[in-house]
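Per-chain numbering from 1; labels A, B, C, D and E assigned in written order.
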């Protein structure tokens, strides 16, 4: 296999090197890529969509269809991971572990066993190690700020780097951070599995639904200027708002999918304990 | 509304996939009706679209209202109109047919399964309908990712096969992406028609040639063209019935469509056949593919796996036909996309029925099936006969065009390969029939004894009716080959190709 | 020699991308460990992203966010030469997302395989299959 | 020439195809067999209703679908096709009756399947007869191959499996491996596959490829059992006797011979064959088969196997007659389709009846059987006479015309072949009859009481035997059709 | 663009990528892959692709690495190559 791999890699490399000789010089302003379509985007974005961040404008409007499917890709990945890993049946009876908070005594409760009704016990993972208080506290403090930043990234995507996707990933990361610093149960308590899964679909649905709404309003799919009549703005601002709406959809979808994938991967689909 | 057909084809399944995923959490029983309704709308729109194309010629649909090449546009011409109709009809029939087997194989995950199923169909339809080279990549990945999930649901070696498929599929898709990047760096455009307009000045460029080669290799990996086929047999064999009867008929065929689109639209026949002058070696490669597919199929003792090797041979048919470089061969390749999709569906649905009842597709499991499942086997025979290439089933006529193309191109090796594969198919299928027919041998053979046959144990009606419909379509498409070729495929191939 | 160096320097991004791609491709084919293959796959994908991003670079241009964009539209004439090409960036955003989606599915599959065979080494898995 | 557009040819093909679902779903054997008869009679009536028009020189045409540019799935009823269709459809009625007797007497299993595929086979046969072009002919030829496979392997035992494999290997292997490419090469040379008097190569320059094509097409239709592609036929004898009868007399082998006739007269055309002297080539191939098969037949002890080799020889008469390219020879070859059919089917019926009544398969075990089964053995005698070509049976006429044909074509070697082969025919048939009747009571292997097979078995063979004799006195219909078929 | 930084990053990209593939511990490979992604992200920032870099920082260096770690935790760290 190694030899085949080497041969293939070298063959491909040789072909690419051979072809690269014909490329326009690197960072050449006169290359076809820089002179054919991009000037239109750079010069007309402001007029046509009123979004200064050209990448956002192109992403969510000119090539909004790509982005809708990009969101769908991530959604299908979440769905596929769920389908592959999630097991609802418990294959073997598992022992649960509890820790008495005050004394630090850990109890192993067999399947079906009961604990004395007390609030002093907390459930822990089987591979539990004592939590570092610093990490726990810092994360708890950080997470709201991370989330706030994420919302800013989504909302300010028109004017600065960022947008629904980056914001969504950061939002998702904040919950994942919670799951890592505490445990999976805490994170799932914040974001229940069903809610998470539903929001995934809803996020994509916002995107595709906006497109479909444009279609129902009589213009082509994803032509946000159709929203002008609904939003009571001119058609260019409608595009700007349309972009915001779909970015929010992307944000929701991406956030939830990231959490979903993480939960499934880290718990092996059992949702009982994470890392 | 008919103006919006191109969008509806993709958007309706997409939206319903999302609704299904929600319904899966609320009430599982809603998933199936929504799936069928969505696919029915897609099928209706695609057939409607095909008829509109027949009337009006190429239909351009601007997504987001942006003019191409700024925005993304759909171009529906005769070529993808035909493929769209086939894909959506196959998906619809398979969805109906596989309801029971899905309920049997994974009752808990009906919702996610149907979601991925419909998303996969969305991806495939999108690949076919789009006119943007990069958009095609994204849709390719949707079809692929959902495909990995659907395949890995099969037990046993399913996950491992799916993982291998994922590695190969990702390499293939990335190669395609890289090829598109090469085109973009040379032309600055991503719109297929636009690229085709710019390219003629660049035909001598090494980068364009490299782009072509890389794209081709990527697509070949995805369609399992020999020797890049290693992922296919295991993946398709170990997939659950419902997935394999969706994926086997469609994925390779859609990738062939992409290849033909690359040849005909983006790079134009002029470049592909005349300037590059690689037709001959590629046809020889497909000859090898056909021989190897046929020979490897011979050694398999599992019905499903045997069929997967036949698919590899069939891919060889279409690649070879497309690369013969003449009109007849191309006609054969395009016709075979439709025909092969339908006949693969037919045999895989029949196998699905068998697996549903017998719980296996090893040759030993097949004994006495003619008695046990006569209707399923009847339809299987029609599918098999079509694969062998016997008139009036459709498989014969595409083979007719392919062989004619080979004769016109003077490429007798390809003709021999096609005939060889037909003969091997006879052996393969009649070996199966023999097992179903003769075995188990009765103890006291001869006359005067009424045997005590196994009682009939047929698959449910919902599985049989779609199977019969497909079998009937095989014959009908065969009889209407003339019309399909004259009214659709004739216009799908550019005038320049003779 | 000077020519060669100038060629190397002129397109060194491309050479790096080709190197990374070869590394990734080699790892995907030759590595025995399933997760290592996935790492290779990601390197392969990022190499292509690097290639696309390199297409977009333009000498003397700045990031593709319009200055003075906050005060409504049409007040300032925008020159295309001032901003790098945004299109490859858009495409690559999509490609990154596709990459992470593939990664998620691949890892899920790897876990399934591990649960089944209790190893991630391909040769050991194949040996187990052969034994069956 | 007048051309009538009518759906009748299609109906004639479909009538037996459409009853297959009814046959397959009917539970009661009587209902099933009643439907078989209804279809058989309907088929004969439809075909017969077209006879007057054909005799007037008209052609009945019906196009089903235009499938490939220049080629359609199309039916055309001309004199030659009509001759063949009449023979096969009328014999179907008789064979059905015989099947009922035979299958019930032996309590065979899967009788429903048997009747269904029998009906399918007949559809295909009539389809071949009425094909207007090579593609349609190929379609029904293949359909016949697959429809007869379950019949040949009816017993579902290892021996049937072996024979079935051999059958498929020869029949389907040649049709896909040889006929299909030959057909496609023809198509690509001329752009059409339509049969016509001048042949489809009428407009093209003669080329060396044509010789190859001719050999491919003549040998490729392996159902005609021209040596060296004949050995499937004896192997297929494992089938129940009515199937053998069908195979030999009605459907399969005659379809092969008919296809070869079509190739010679419709695809290449007499003129081209004459110009290229290709007729002689085919003549010698056929003559070789005639003599060799007859010699092998002499050595066979199994009655059905002897009949099988006899059939191989007789089929080549048909091919030989047409390949002589003289009008008389062609008439002889064409009428031989009908004459041989009646004679040979009688012989097979007799073999089956003997098996049903006594369980005997070998000739050496049949000494004195004439006394036990006089009716059967008399019919056997008549059948033998017809196959040998002696009056007062129909076989005489075809042989007579064949001999005249050799004289007309000035082919003395062929004359010798025909006469020699007739002697051989007599040599392998007449001893059977002789030993059946003329033996001392010590030699006789049977009791001296008359004990025939069931009436359903005996009646059909009487009918066909009488038919052979009637054809001697009233051969005009078939002779006229044959004369029309060669164009005057 | 400051070329020494550029060159250093490019070198590091190649080194980390090879390292991620060579190291005999999957957890180490995951972390090195994170570093690789981060280097890539820096490279793209230098090229002016801020959005791409932002995404790569959050996805490649962030979430992907976490996914890797989670998967390695669920399976095994052992690797032969």
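We take it that contacts are C-beta pairs under 8 Å (C-beta built on N, C-alpha and C of every residue); 3 or more make two chains touch, one makes a residue touch a chain.
Since this is a predicted model, take the numbers as computed values, not measurements.
Counting one step for each move to a touching chain, how far apart are chain C and chain D?
2
Taking the mean of each chain's Cα atoms, which chain ends up nearest the overall Cα mean?
B
Looking at C-alpha means, what's the farthest chain from chain C?
Centre of mass proxy via C-alpha means gives D as farthest from chain C.
Which pair wins on C-beta contacts, A-B or B-C?
A-B
What is the chain whose Cα centre is as far as it gets from that of chain E?
The chain lying farthest from chain E is D.
CA centre of chain A versus CA centre of chain D: separation in Å?
Spacing between the chain centres: roughly 74 Å.
Could you please state the distance in Å, as a whole number, between where the Cα atoms of chain B are centred and where those of chain D are centred?
A distance of 43 Å separates the two centres.
Let me have the rounded angstrom distance from the C-alpha centre of chain C over to the C-alpha centre of chain E, please.
11
What is the distance, in whole Å, between the centres of chain A and chain E, each centre taken as the mean of its C-alpha atoms?
About 19 Å separates the centre of chain A from that of chain E.
Indicate the residues of chain D shared as contacts by at least two other chains.
none
Residue numbers in chain A touching 2 or more other chains?
In chain A, residues 16, 20-21, 23, 31, 33-34, 37-38, 41, 53, 55, 59, 63, 66, 70, 73, 76-77, 80-81, 84, 161, 165, 261, 265, 268 touch at least two other chains, as defined above.
Could you list the positions in chain B whose residues touch two or more of the other chains?
134, 138, 141, 145, 148-149, 152, 159, 184-185, 190
Can you identify all of the chain pairs that touch?
A-B, A-C, A-E, B-C, B-D, C-E
Under the touch definition given earlier, write down the residues of chain E that touch chain A in their complex.
Residues in contact with chain A: 50-51, 53-55, 58-59, 62-63, 66-67, 69-71, 73-74.
What part of chain C is in contact with chain A in the complex they form?
Per the touch definition, chain C meets chain A at residues 7, 10-15, 18-19, 21-23, 25-30, 32, 54-61, 63-66, 69-70, 72-74, 78-83, 85-91, 93-94, 97-98, 100-102, 104-105, 107-109, 111-112, 115.
Spell out the residues on chain B that touch chain D in their complex, using ranges where they run on.
385, 388-392, 397, 400-401, 403-404, 407-408, 415, 419, 422-423, 426, 430, 434, 437-438, 441-442, 445-451, 478-483, 485-486
Would you mind writing out the residues of chain A in touch with chain C in their complex?
1-2, 4-6, 8-10, 12-13, 16-17, 20-21, 23, 25-29, 31, 33-34, 37-39, 41-43, 45-47, 50-55, 58-59, 63, 66-67, 70-71, 73-74, 76-78, 80-81, 84-85, 159-161, 165, 236, 254, 261, 264-265, 268-269
If we count contacts the way the header does, which residues on chain B are in touch with chain A in the complex?
4, 7, 11, 14-15, 18-19, 21-22, 25, 61-66, 69-72, 108-109, 112-113, 115-116, 119, 122, 126, 132, 134-135, 138-139, 141-142, 145-146, 148-149, 152-153, 159, 182, 184-190, 198, 205-207, 209-211, 213-214
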